[in-house]
Structure formats: C-alpha cells, structure tokens
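Structures for review follow.
Both complexes shown next keep chain A, but they swap its partner, so chain B is in the first and chain C is in the second.
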Partner chain A sequence: MTKHLKIIDYAVSSLLRRKFKNGAIMAAYIGTVAALASVLFLTRSLQTETTALLQGVPDLIVQRTLGGRHELIPVDYKAGMAGILGIGTITPRYWGYYYDALTKANYTLIGSGGETAPLTMLEGRLPQTPDECAVGAGVAALRHSGRSGQLILVDSRNTGVLFEVSGLFTSESDLLTNDLVVLTDRSLIDFFGYPPGLATDFAVSVPNSSEVQTVAAKIKKLFPDTRPITKRELVRTYDMVFNWRSGMMLTVFSAAVIALCIMAWDKATGISAEEKQEIGILKAIGWDTSDILALKFWEGLIISLTSFLTGVIVAYMHVFFFNASLLAAVLKGWSVLFPAFHLTPSFNSFHLLIMAFLTIIPYIASTVIPTWKTAITDPDSVMRG
Partner chain B sequence: MILHPGVLALITGSAITLLMLCYAAINGAMIFFAWNYNSSSASQLALERKTYLISTLVNYGLGFQIIAFVLFIFTMDDIHRLFVGAMCATGSLNANPVGWYALLSKIIVFFLSGFWIALNYIDQQAEQYPLVRLKYALLGGIVPCIGIDFTLQLTYFLGLEPDIITSCCGSLFGSGGESTASSLAALPVFPAMVAFYSLSIILISVMVLNLAFQAGVFRYLLALFSALFFVLAIVSMISFISVYIYELPTHHCPFDILQQEYNFVGYPLYLTLFGGVYFGMLPGLFQPLKNTAGLAEIVAGVEKKWVQCSMISCLCFIAFVTYAICLSKLTYFL
Partner chain C sequence: MALIEVDNVVKIYNPGLADELTAVHAASLSIEAGEVAVLTGPSGSGKTSLLSLIGCMARPTSGRILVDGKDVVKLPERFLTNIRRQAFGFIFQQFHLIRELTVLENVLLPLFPLALGTRTMNERALSILERLKIDNKKHLQVKKLSGGEQQRVAIARALINKPRIIIADEPTAHLDRKLAQEFIDTLDQLNHEGKTIIIATHDPFVHDNPLVTRSIVMRDGQIERIDTK
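Moving on to the complex of A and B:
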C-alpha cells in the first residue's frame, strides 16, 4: 500500500514535469467526455421532464383516422362509447395548430373544455367568454402581450380576431404551455371553422389502470375507424425516441472516442529520449518492470479520472447552467419554437458508469501495449543513448 | 435492437475487452509452448517480458468484465420501461430469453475472472514464475468463455424489439407456476429461513476454524460451504428475503430490489454475497498449489487475508438480510 502511494506521488510529479504533452491529451479527453456526458445528461433530464408531464395526460386518447390520417371525430361517438364498462368520463377536446406569420411561430390553440377552475400554474384565470384567452409565457413574450393585454389572431376566414388576455401561464410550466393559447371551446370551433358536431379527439378516463388495454380494444371493435392511444404507449414511445436519439448521438461521438484513442496511442508510443532515460535510470536504481507498469498504470488512471471528472463537470454546467445550447436542437425535437426552458438536474450513478465504460476502457486499452514497450526498456541501452 | 446508451457501452466495452483478451491468449499460447525457465536465450527473455504484457492485459480485461457484470444488471433494470408488461430486469430478460443465458454466463465469467486474477497475483509473488504454464492453459479456457458471453450478450441485444410483449416477475416468480423459479418461490418461508441461518452459522464457524488452524481440510470445507451458501442465498433471496423487503407475501422477484423504490438495497446485498463467496472459495481452490515449490508460504500468507475478506463480506450480507427482515413491516411469526 505504502509502495503504491509512493508510486502515485512519483507519477504525479512525473505528469507535472510534462505538462504540455499531458495537457494536450487531457484537453482532448475532457472534450470527448463532456460531449458524451452532455448527451446523456440532456436525454435523462428530458426523459424525466416528459415522464412527469405525461402523468397529466388522459388514460386514453381516442382519435379518428381516415385514409390513415388524423380526422375530426364525431361527438356522437361519445354516446356509443359511454356503454363500455370501465370508462369513467369521455371529454371531447378541441385543439389545433396556428401559424403566426407575424412572429413566424407556431402556436398550439386549445379549447378550455368548459374548465374554469383556477390552475396553480396560471396567473389570472382561464377564458370564460368567447373573446378571452390564456397564453403561455413564450407567446406573451413574442407578442408583447402581458397579462390583461390583447392578442390578435387571424382565423380560418382570414379575419383578424381580437382576444383579451385573461390569464398567463407561469414560466415553470414552459415545457407544457410555452406555445399555448387557450380559448373557450366555442370560440375555438368558430376560429378554426370546425364543422358542427365534430371534435379533434376524445380524452377518456379509465379509473382502473389495468383495464385500459381492454377498454381500448373494445373501442376499436365498436368504432373501427378510431385509433385509441394509451398513456403507457405514449410514455414508452417518448422513452424509445429519447433513447434512440441519444444512442445516435453517442454513435456519432464515438468517432471522437476513436480519435482520442489514436491520439493516446500515438502519445504513448512516441516517448521522448528524456523519458526513456528516466525509465532507464529508474530500472538501474532497482525498479522492477512491474513497478514501471504500476507507475504507468497510475499515470493513466490519474489522467483518465481527472479528465473524466472534469468532463462530467463541464457537461453538467453545459446542460444545466447553459441549457445545453450546443445540443438542444438535435435532442429536443423538430420544433424550432421550442421554449427556452430550464432543465431540472437529473443525474444518476448509472450514467457515470456508462460514460466511464465508453471512455476509460478504450483509453486504457489503447495505451496498454505502448506502455508495456516502454516498461521493458533495457536500462543499459537507453542510458548509453 | 435498442440504441440505449447502456447497451452501446456494454457492446463497445465487451468488444474491446474480448480483443484484448484474444491478443493475450494468443501470446499466452506462445508462452505455454515455448516456456523454459532454465534457458537464458534471447527468446526466453522476450517471453518473460511478454508475461508482463499478458498479465496487464488480462488483469484489465477481466477487471472490465467484472464491472461489465454490474453494468449489465443496471442496464437490464433500466430498459424494462421499454417493454410492454415488464416491471423490472426480469421483464427485460424475458423479452429475449437468450438474456437469461447471458446473465448466467456473466456470473460464471465473473468467478472465473476473479480466480484467474488471484492465480496471477500468487504467480507474480513467486521468484520463478512456477504457475506460468497453468495460468496460460487456464487463460486458453477462459477466453472462449468470454467469447461465448460476448456472443450471447450481442444476440440478446440484437433480438430485443420494443414491441415484444414480455411477462413480468409476477408470472415468473409467482408461486403458482411450474417453472424452477416458481417452485423456489413456493418454498415455505420458515424452513427456508432455518436452512439459511443454519448454513450461515456453519459457514462462519468454518471461517473461524480456518483463521485458527492451517489444516487443508478446513480450506476445502470453506470452499464447499461457500459454494453451497451461494446457491442457498439465491434460493433464499427468491423464497423469503425479497418478500420481506417488498413487504408483500406474493412478490418474490430477485431483481426488483435493485430499483430505487427499494433504496437500491439489492446492490449491497449482491455485492457482499458475491464478494464473500468468491473469497471464501479461493483458499480451498488454491490449496493444491501449496505443493508447488516456493508457493507454500505465499499461499499461506495470502489465504488468511482471503478468509478475513470472505468473513467480513458474508457477515455484512447476513447482517443486511437480518436488518431487512427485522425492519420489515411484514410479520410471519408474531
């Protein structure tokens, strides 16, 4: 034990003597770890956020499809579905997308569904009259319409409609409400010009979660043109998408790991005459080959762990303090209008283990043979020059 | 296949490890055939130098293999969310049954790797490399096992499809089924507990005897009881330990305890169990080496430490189990 502590002491001083060479490797190493760790942190954080958000999604969403495309669903279907045992409530939902040419942004317009109760994430109240609306922080910022301001939108008949802002969603709910404009159901139907008796989809509640799959099958059997989507399916799909995306990014960054290994191999192979002499002297004064190997092992481990931890800290700052500005566009999704939201730090030891596996193993594997070649150097030959 | 970061890390890490070990095994074979310690030829000197390289490569490789085992369990537990019907690692493994063989091969490779590293350690302590041939012959046997392990792991990951409907631990470890797992789960709690604690007492007593006396028979007994203890501990885990941790008489899964809901209690439990059994088996396995010239003292010196490590690990394991049972709100015998 004491022997190894002394070897570590020597390893540190030896590393410090060759600051620039080791600094170059560490810089590349830190960059690679930071890139990989950013991907994992960001994915993990987005996964946590979406999972939390999806808890609020209805147990079952029933859409109608026509020619494989999403179609409006007749409100009459509700009566047919109400007979299925296990269903709690069925609520027709009205919503749609709106492209705002003025700010070149897409908003999500949604009917309040008769809901008027105050929400915790809302300053003010939900719209109660057809000329009122509640907006998300992103929309309010883009249109400079704070609370009790006004919002002009162009409806399907190309007529400008003026809405009074009755409520403003707080920024904590950004991920959910940033691009949101809530209208009353009535004014939303008028705004988009939806034909009467048709809704966008149904939100179905099923109190017993183990019955959801059966209820979905029954709905599909009764109304073959519908597509029931369960909450679990949504959660799983999001998980899959995030895993797939982060997996793709990791695969791309694996090129960086390979480059790092080549660099490490190169640096470890091309040792200077001075370094060779040092090893020669060490062996001449009684160091064994296994001691030199231990020395090189500790040097490698010190470089690896220092760079690894620094890389992880850099990634942590990049993702959670700077909102992953370099990666967000790729991992968050297709929407350019995604809100500038703050990610909640979410981090576990599993990710550290994955990153260690992806970076430390290739690094050590690529330096082991050059290190051995250095360690078996004959003291006699190197000291003679 | 699922592009999960854990899956990618495992495949990459295992592939690199396998490459390193293959290189080591090829060089090991060369040493095995050409080794002659009494020769002072240049080729023998080169071989002696190569032993350093091989030891380093194999130590790293087998060390990675041990960490990969932990990562494999971690990943199994993490990807269960992607499968319909899965609630823990059991569901992930059921999604492609090759996974069970991969898990079994990982356990075997874990122990084999550990034994080889210990053998290498002893050989390096000796002046004349008396175990070189034995070491490299064994390496020739271990590397194919690691190759099989890698193939099984790859087949498992490639065969994973997220649309597979898998079955959860409730159906595999339910006490009503006919599988081995079900019959283990159906073992009555009280006799299982008596067996577990009786064997624990015997094991600890044998350890104390080992610390007090040098006789080889105690070392063999310790190896035997450690192996028995491993099997019985896994059976007990399914039969009653898990039940106490979940506080649910019908839930017997040995993997759910690895989850956050149960404070990751499974990790210290399994780590101490594997560590205790590993160190417990070493003195018995290495007993024959005492007959080799120059090794008797080295083995005698190191085996005391092994027994101590084994004792500490096993005591921790038994303490964790007892603590979990005492703390549980589930009461069978009151």
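Moving on to the complex of A and C:
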C-alpha cells in the first residue's frame, strides 16, 4: 500500500514534469468526452421531454388520408363514430404549420378547442375571441411579444392578420409547446382558409385503454379513408425520432473509435527516448518491471480519470446550463425555434459507466503496453549514455 | 569465497545477426569483499560490458557469474532486480540523474518501490546528502548543479540502499583533477567503511591510484592480465 502511494506520488510528479505533452493529451481527451457526454445528456433529456409530451396526447388520433397523404377530415364523421362502443369523447382539432418569414422560424398554429399537451399558463389566458392568441414562451421571446403585445401573421389570402396576445404559456415539455401559437378554432379555420365542415383530425378518448385497438379497428372499418393512430403507435414513432438505441450505438461506437484514435496517436508518438532512458535508470537503480508498469498504470489512470470526470462536468454544464448551445442546432435541426428551450437535467448512469470504460481502459492500455517492451529489457543500455 | 566470481563469461551482442559482436570473450576473474578493483583497457575493449554483467544489469550469453556464491545468470528477472537493488550501487558515466527533479527527489528514487515511510526515506536521504556535503542544495533541480555537484548526487543515490558493492563507469571522465581527487577521497572513505568498489576506467589517475587493490586489464573483449597488490 505504502509502496503504491509512493509510486502514485512519483506518477503525479512525472506527469507534472511533462506538462505540455500531458496538457495536450488531456485537452483532447476532455474535448472528446465532453462531446460524447453532451450527446448522451441531450438525447436522454430529449427522450424525457418526449415522454412528458406524450402524456398529453389523446388515446387515439383519427386522420383522413387521401392518396396516402394526410387530408382534412369531415366533421360529419364524428356523428358516425359516436356510436362505436368504448369511445369517450371525440374532439375535432384544427391546426397547421406556419413559416414566419420575419424570424425564419416554424410555428405550430393550433385551435384552442383541442390543444394537445396540457399547457401551463405563465400569464394571462387562452384566446377567447377570434382576434386573440396565446403563444409559447419561445415564440414570445423570438417576436418580443410579451402579453399585451401583438402578433401579426400572414394568412392564406396573404393578408396580415393582427392578434392580441392574451396569454403566455409553457408546459412540462418545452420541446413542442415552445413554438406553439394558440388561436380560437374559428380564427384558425379562417386563417388557414380551411373549407367549412372540415377539421385537421379528431382527438378521440377511449376510457378503457385495453379497448383502444378494437376501437381503432372499428373506426377504420366504418370509415375506410381514415387512419386511426393510437397513442402507443405515436410513442413508438417518437422513440424512432430520437431513436434511442441507435443513438446509443452511435455514441458507443464513436467513443470506441475516438478512444482508439487517442491510443493510436499515443502509440505512434511512442515513448520518447527520454522516457525510455528514464525507465532504464529506474530499473538500474532497483525498480522492478512491475513497479514501472504500476507507475505507467497510475499515470494513465490519473490522466484518463481526471479527463473523463472533467469532460462529463463540462458536458453537464454545456447541456443543462448553456442549453447545449453547441449541439442544439445540429440535433434539433428540424426547428429553428429554440431560444428559450430549457432542458431538464436527466442522465443514465449506466451509459456514463459504459463511456467511462470505453475511454479509460483503452487509454490506460495505451500507456502501459508500449512501456512493456522497454520495461522488460535489461537496463544495461543506461550504462552507455 | 570471493564476493564476485566471473567464470568463463561471454557476451555477444545481436547474436546471429549481421552485426553480431563479441564484446566479452571467455572472461574469468574474482573480486574479494573490501577490494577496490579497476577494469582498464582501451576504449571498446569491453569494460562497460563486463561491468554491466557483474552489476546484474545484463545477462551473459554464456558462463557463470556468482555474487556472494549465488549464480545470478539464470535468476528470474524479479530476483535479479532484488540483487541489483540490495547489493549494488551504480555511478554512471553520464550520471543519469533525472534533471528536472530536485537533488532530494533523485536520491529518494531508489527507495520508492520499497514500502518505507516518508520520514524514514527522508532521514536516510538527508544523512547521505549531508555526508556528501550537498544537503544545502537538496531542493534545487539537478540541472542547475555543476558537474561535480551532480556527481555527488549520483554517489548519494548509489549509496541510499546501503549496497555492499559500488560500481562506477568512467567516473572521472567529466571531472577536473581537483574533483577527481575529491572523488577518489570519497571512494577511499567508502572503502574504509567496508564497501567493495569496482570501477571501469582508462584514466591513469584512477587506475594507478594506490587505493586500487586489483587491476584487470582488458583488450578486445578479453582479459589480458590481472594485477593484484
């Protein structure tokens, strides 16, 4: 024990003696770990967000399809479906997408009759008259329209329409509500110029969750041009969007690749003549091969463990305090609108552990193995300069 | 029984290769405890090679080497390290100190693998540094010392494990006459304390010194002659 404490002591002083080289290695190492851990943290948080988001999704969404594409659904269908056993409520929903040329961002416009996620009002209330709207925190920040502000959007007839902002909301998941603008159903229909008697889709509640599949089948039978989507299917789709497993695979894979790169680089650099001589000196004055390997092991562990922990802390700060500013643009590329996006800290310790193993072990191996050859050779070379 | 017994030892570098070279050829000698033995001969005659073999820094191609009656040639590496650590203290021609470390750290270096307490280690190192009159520089980096001071640190490091045998290769090569004399004086003292000393040198100032009890003259890898006093 004392012996290892002494060797660790010496390992630290050796590392400090090669400040420049070790500093460069640590910087590369920390950068790598920080990048990987950021991806890990971000993906995980998005997944958590998604789960929260899906809690507000109706049991069943009924869309109409025409030529395989999503079409508006006649509100009349509601009467026909109402007779199906097991159905609770049927709510026609009106919504659509809007590209705001001014801020170059996509908004989701939705009628207040059937909002999806449970919205938490930060200020004010949902719109009650056709010239009112409520906006998500992200839209508000982007357009600098707090409550009592105004929002001008260009409708389907290419006319600017002015809405009074009656409220500001957020929800458990910032992800989708952030870019949300809520209008009354009436003004949404007008705004997009939807033909009368048509809705975007129906939100259907099925009180007994075991009946969802049967209800969906019955709707499909009764109205062959519809496509009922169950909540479970939706969850699966979302899971695919952030495909966790492939994301994880990617992370694991890149971690391994990068660890290998560090190792290869280190191997290529090899141990310097100076290091070789030092090993010879240590052996000549009575260090055993195992003492030298222990020294290299501790050197490798100190570097890799410190770098790993620093990298993880940097990633944590990056993702949760700075909202993944460096990654957000890439990963969430499908929406430009994330100014006030706030991620809730969430991580999987098992994944961190895997990452630790995949970066620390190869690094230690790459420090110890090249030393091996030098450490086992006779030290008589030190007898000659 | 002699302290060191070298029996018909051969050292071939790169055996079987184009650059195969026989550095030591059929060498036999013995050194008694308490002697000051000198290996002399022209450059390239095999002094350093033979010294490495005696000091358990390398293994001979054939022949036997006995330290204290124990054949070290076939010993596993770990035991060889032990003998090297316990029996020998080395003073290298180039000193081979770690230049960025302080004097004290360099002297402590051989003690790291031993499970000694920090206080014991420091006490041992300091008493040796004092005796070599270099303790006032103990916290200075070795690279800031003069050649003579560096050699004193090298001697201190060789002594820290209390070896019975001191091995020095061309110890006066980097020293002026005055420092060489100081070195000889130090060796004299150590010899009086009972240490056996083995030096490879082609410096007449060393090999003709009255201190020397046995002089082994080498030529082309072979022992030409052994003179004893």
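Simple rule for what comes next: the second predicted complex is superposed on the first by the 317 of 385 C-alpha atoms of A that agree within 3 Å, B and C clash if a C-alpha of one lies under 4 Å from a C-alpha of the other, contacts with A are read in each partner's own complex, and residues count from 1 in each chain.
Note that a residue touches a chain if its C-beta (ideal position, glycine included) is under 8 Å from a C-beta of that chain, and two chains touch if they have at least 3 such contacts.
Because the structure is a prediction, the values reported are computed rather than measured.
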First, second, both or neither for A:T289, with chain B first and chain C second: both
Touching partner for A:L66 - first (chain B), second (chain C), both, neither: neither
Chain B versus chain C as contact partner of A:I361, first or second or both or neither: first
Which of chain B and chain C A:I376 touches, first, second, both or neither: both
Contacts of A:E278 with chain B and chain C, given as first, second, both or neither: second
Chain A residues contacted in one complex by chain B, in the other by chain C: 289-290, 376
Of all residues in chain A, those that touch chain C in their complex: 1-3, 6-7, 9-10, 13, 17, 277-278, 280-291, 376, 378-380, 382-385
Residue ranges of chain C in contact with chain A within the complex: 48-49, 51-52, 57-59, 77-78, 81, 84-85, 90, 92-94, 96, 98, 100-101, 105, 109-117, 157, 161, 169
Residue ranges of chain B in contact with chain A within the complex: 2-10, 12-13, 16-17, 19-20, 49, 52-53, 56-57, 60, 64, 67-68, 70-71, 74, 78, 81-82, 84, 124, 162
List of chain A residues in touch with chain B within their complex: 39-40, 43, 232, 235-236, 239-240, 243-244, 246-248, 250-251, 254, 289-290, 293, 297, 350-351, 353-355, 357-358, 361-362, 364-365, 368-369, 371-372, 375-376
